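A quick write-up on the structure given underneath.
Order as written gives the chain letters A, B, C and D; numbering starts at 1 within each chain.
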Amino acid sequence: MNYQKVINEIYQTIHNQENIGQVASYIPELSKVDPSNFGVCLRTIKNEEFGAGDWQTKFSIQSISKVLSLSLAYKILGDSIWKRVGVEPSGNPFNSLIQLETDNGIPRNPLINAGAMVICDILISHTENATNDFLQFVRKICSNNNINYSESIAQSEKATGYRNIALCNFIKSFGNIENDPATVLDFYFHMCSIEMSCQDLTKTFMFLMDNNFRTPENERVLNTSQAKRINAIMETCGFYDESGEFAFKVGLPGKSGVGGGILALHPNEYCIAIWSPKLNKKGNSSRGMKFLESFTTKTNSSIF
Amino acid sequence: MNYQKVINEIYQTIHNQENIGQVASYIPELSKVDPSNFGVCLRTIKNEEFGAGDWQTKFSIQSISKVLSLSLAYKILGDSIWKRVGVEPSGNPFNSLIQLETDNGIPRNPLINAGAMVICDILISHTENATNDFLQFVRKICSNNNINYSESIAQSEKATGYRNIALCNFIKSFGNIENDPATVLDFYFHMCSIEMSCQDLTKTFMFLMDNNFRTPENERVLNTSQAKRINAIMETCGFYDESGEFAFKVGLPGKSGVGGGILALHPNEYCIAIWSPKLNKKGNSSRGMKFLESFTTKTNSSIF
Amino acid sequence: MNYQKVINEIYQTIHNQENIGQVASYIPELSKVDPSNFGVCLRTIKNEEFGAGDWQTKFSIQSISKVLSLSLAYKILGDSIWKRVGVEPSGNPFNSLIQLETDNGIPRNPLINAGAMVICDILISHTENATNDFLQFVRKICSNNNINYSESIAQSEKATGYRNIALCNFIKSFGNIENDPATVLDFYFHMCSIEMSCQDLTKTFMFLMDNNFRTPENERVLNTSQAKRINAIMETCGFYDESGEFAFKVGLPGKSGVGGGILALHPNEYCIAIWSPKLNKKGNSSRGMKFLESFTTKTNSSIF
Amino acid sequence: MNYQKVINEIYQTIHNQENIGQVASYIPELSKVDPSNFGVCLRTIKNEEFGAGDWQTKFSIQSISKVLSLSLAYKILGDSIWKRVGVEPSGNPFNSLIQLETDNGIPRNPLINAGAMVICDILISHTENATNDFLQFVRKICSNNNINYSESIAQSEKATGYRNIALCNFIKSFGNIENDPATVLDFYFHMCSIEMSCQDLTKTFMFLMDNNFRTPENERVLNTSQAKRINAIMETCGFYDESGEFAFKVGLPGKSGVGGGILALHPNEYCIAIWSPKLNKKGNSSRGMKFLESFTTKTNSSIF
């Protein structure tokens, strides 16, 4: 498979099409991004790397970070985390409060905002300093110490994220947040503000794609069963209420963020990251969705 | 891989455990089944066959048939069917009417009752005689002319299936059923009443597992992309509001029925069918779920 | 109070304004009505009668009939009916199925469709022939043997009332309908099809307004407490999800129908009926709502 | 009517019955109240006063205060307040977030928590110092300068009121709160913490009962139409999802609080206040509900 050629072709085709959709505006700082950014990076299990466009430019990965915090919590606490968060698709938008009311404060899955907040709460209770420890965890599996939070984006969301403040206090009212909501939200907003390039993302997600992945210190991040389970959750819940559509059209486990990034992977074959800031109505990168649909069709590489 | 050995071991282990759960009782005729039935059949892409227990006894496959009617509709009409039914997990029980009200009569996916009724309606509009044509379709891909509807089960559900009658009329009120609701329901109840053994099921589902599958007349059932998409829908929607749990624990596309059957498949590797009538709280076979979780763990064969 | 003068003034003012809104179209036969019809009748506790416009023309009273069937069931069974239907406003449109699912088949109140069907079911179980007995009951309290069902409207709704068919079967699926849904629906559609004029309505509802009301046979319809309770239900639930608005602006117990009729009453003072077929977005007569708001303001006669 | 005799009789009867229900515990400070407190006060339009039990003991009136803040906002801004809050019963528990999501942040009515917060926000925007001005308003219409907030209860709710913090931020996320949520909540918690006796309450609510009421400075609080409308809202929305039941059994406009108080009134006849801290499942005073049902039955004084 000549991955570089396929990537270049699809990139060029989509680049020539109108760049439709809307840049996320609910976090004011996010809306300042240049909407013409467009990058792709693919990394194979043999660590071959293929890039196109702005693949080395850092951007706000937003919800993609939820897979990483989930992985850290799963690593630390194992299956006990599933007492506090489910593994079912929600069938509702990412920031919905409706289901929490009927589900008594147990979020449907760890990739919607509510579930990610519970994971943040778990990490705060079980690490020395969650904000720092999480950043070190990401840096280590990516082998890149230049990964950082964006303080301006974290503060921008903190100042305007009323829906998320509501969510966190609502879960707290059901008793499923142990720490002070303000503390949980501070970590949550920082976690979402982490900045990485497409290249960084493909490096970082190797541990979920390659069953033999080890950190530079020769450490496994998750065991085989745990990694498979995270992939399963990405497959069924990674794209909010467009998760079924993504499985249907793309056929890979993945996760999107409102910064316009998408990370997807084919177990034991490759990781792929795309970035283009304009989002479709469901909050997923328009060009990213198109790219991946085209890519798995051309390479015939869906997991199904 | 010595499949027979693995199957026998798991079968024996589970057989020795208490047979928990409840036989489906909402269709009176279904509740007459012997709850101790327990069968397993696995068929590889090389058409090797492995069985255990009651693997050659026919039973009511119920909702598993929805994958087959969906496949027939997809074969006949192609992607135009997706205008009338979605591909998203519902996040709700299989017979819920709530989402239809907010979604204006477009069912979330074709594997919940509402969606399967829309597919039945499509088949009635686009075949000579849907009830007969569907049966012939199943017989052909299974190469088995002894597959039949159970008239007693179809009539039993027709006489007591008030929730399904409500569902069908409700969708009709939104204009997403073209034919008379009584006609649609009659076909729907027959479709669900079809009886097959675990052996039959593994033969029948070869067309979704083996990309090179042909019927005896050397006909493809679906093209590659279509088959992958049906598998994706099974992965995200095949187990009602336990779909995420199934992806998480088992990691295969599959479909369950309230008759106690489960069909799952690993693309290009194998189909597997289990039958045990006692259901868990979500309406899926208790022993079936346990068997598959154990099986994919032991054989390390999840798609993730 | 010169009621005739007040009525004439308001009638003239509204008559001169544009006739806005939409005639109900979901029952095809209902949509044939002339939208320019506009009638008013007021009857005092002293049985003085004041009319304007088309006040003696019969029309389809539709949901207004639900108060009468409720009264008959209350008369026959007393407070035991409240085991099967509540007395709370629903906060939802009149034909919503959502709450039934969360409330396990117990309709919120007897004036929404679901609740009225349960009342119909009760009457079928506790009368010789509900369709006939109900008509005789209405004729008797109105002292008018020319009141009849409209067979064409009943049949028109039966042929197209999929939402109501869904509702009835849905309640049946929870066990809160005893009889065959088709039987219940047949009575329900007939009940709604009853035709009366504004004059007839004010006569008929005297039993809820005048604590000393007796039928020609000198019979009480309901006792004081029962009549007050029916009035309370009309106040909180009589106008679907515009009930609060009606209490707020008009301040009288009342009931509307999609035929464009509204009946309201001031206990121990008067009954008033208005008919104008064009409905507002909530399904209540536009001119009727305006008339009553103006009337209670000018006569300063709200119950609050 | 010998009101004192009727009150004494009912008081004695209920006092002799078991004191069932639960004291509100979600505000820790509230749970410290002695559950045996039981007081009643009735005040006629002629300002005759009748009391029984602990009718002069102050208690936390909680949600009863929402009628007073609504009245102040209505007085200041007139009908423009209805752009930001509805007048419909909610059909849901008092602290539900579900409807806000479907209603885009417009609370159903001003007597549920969400609506009362919007009213608080309005008062903050349109008064010098809402917390102080509201207290002075209440003192003036009650002619009692000894009415005060309970700082300990306000702080107790602020420290634990996660659901209310969620509600306020949720409304803010829809743009229907102008001020900082923390500011709104601080006023809201103070408002709810106001302490009054049954005697105080009957004095305070005279302005809604007596159309000729004037403050000591000879000022009207609301005009006739406004007062009637507030009464209508109390009738349809004053008891959360037990509002229909209250209208049905008691038949008076009224408002309850989780401190165990209930205020009801019969326009142009009397105000009545009851206090007993143990609440039924819907959050309304058990003895208060019983007392009023018995009282309006014995005095035959429902508005219906």
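In this text, a contact is a pair of C-beta atoms (placed from the backbone, for glycine too) under 8 Å apart; a residue touches a chain by one contact, two chains touch by 3 or more.
Because the structure is a prediction, the values reported are computed rather than measured.
Enquirer: What's the fewest number of moves from subunit B to subunit D, given that each move must go to a chain touching the current one?
Expert: 2
Enquirer: Measuring between mean CA coordinates, which chain is farthest from subunit A?
Expert: In terms of C-alpha centroids, the chain at the greatest distance from subunit A is C.
Enquirer: Go ahead and note the Å separation of the Cα centroids belonging to subunit A and subunit B.
Expert: 32
Enquirer: Report, in whole Å, the distance between the mean C-alpha point of subunit A and the mean C-alpha point of subunit D.
Expert: Their C-alpha centroids are separated by 47 Å.
Enquirer: Return the distance between the CA-based centres of subunit A and subunit C, expressed in whole Å.
Expert: Distance between chain centres: 55 Å.
Enquirer: In subunit B, which residues are in touch with two or more of the other chains?
Expert: none
Enquirer: Using the contact definition from the top, classify how the chains connect: line, ring, star, complete or other.
Expert: ring
Enquirer: Name, in rising order, each residue of subunit C that touches subunit B in their complex.
Expert: 96-98, 101, 162-163, 165-170, 172-173, 181
Enquirer: What does subunit D use to touch subunit C in their complex?
Expert: 86-92, 99, 108-109, 224-225, 227-229, 231-233, 235-237, 241-245, 247-249, 251, 253, 267, 297, 300, 302-304
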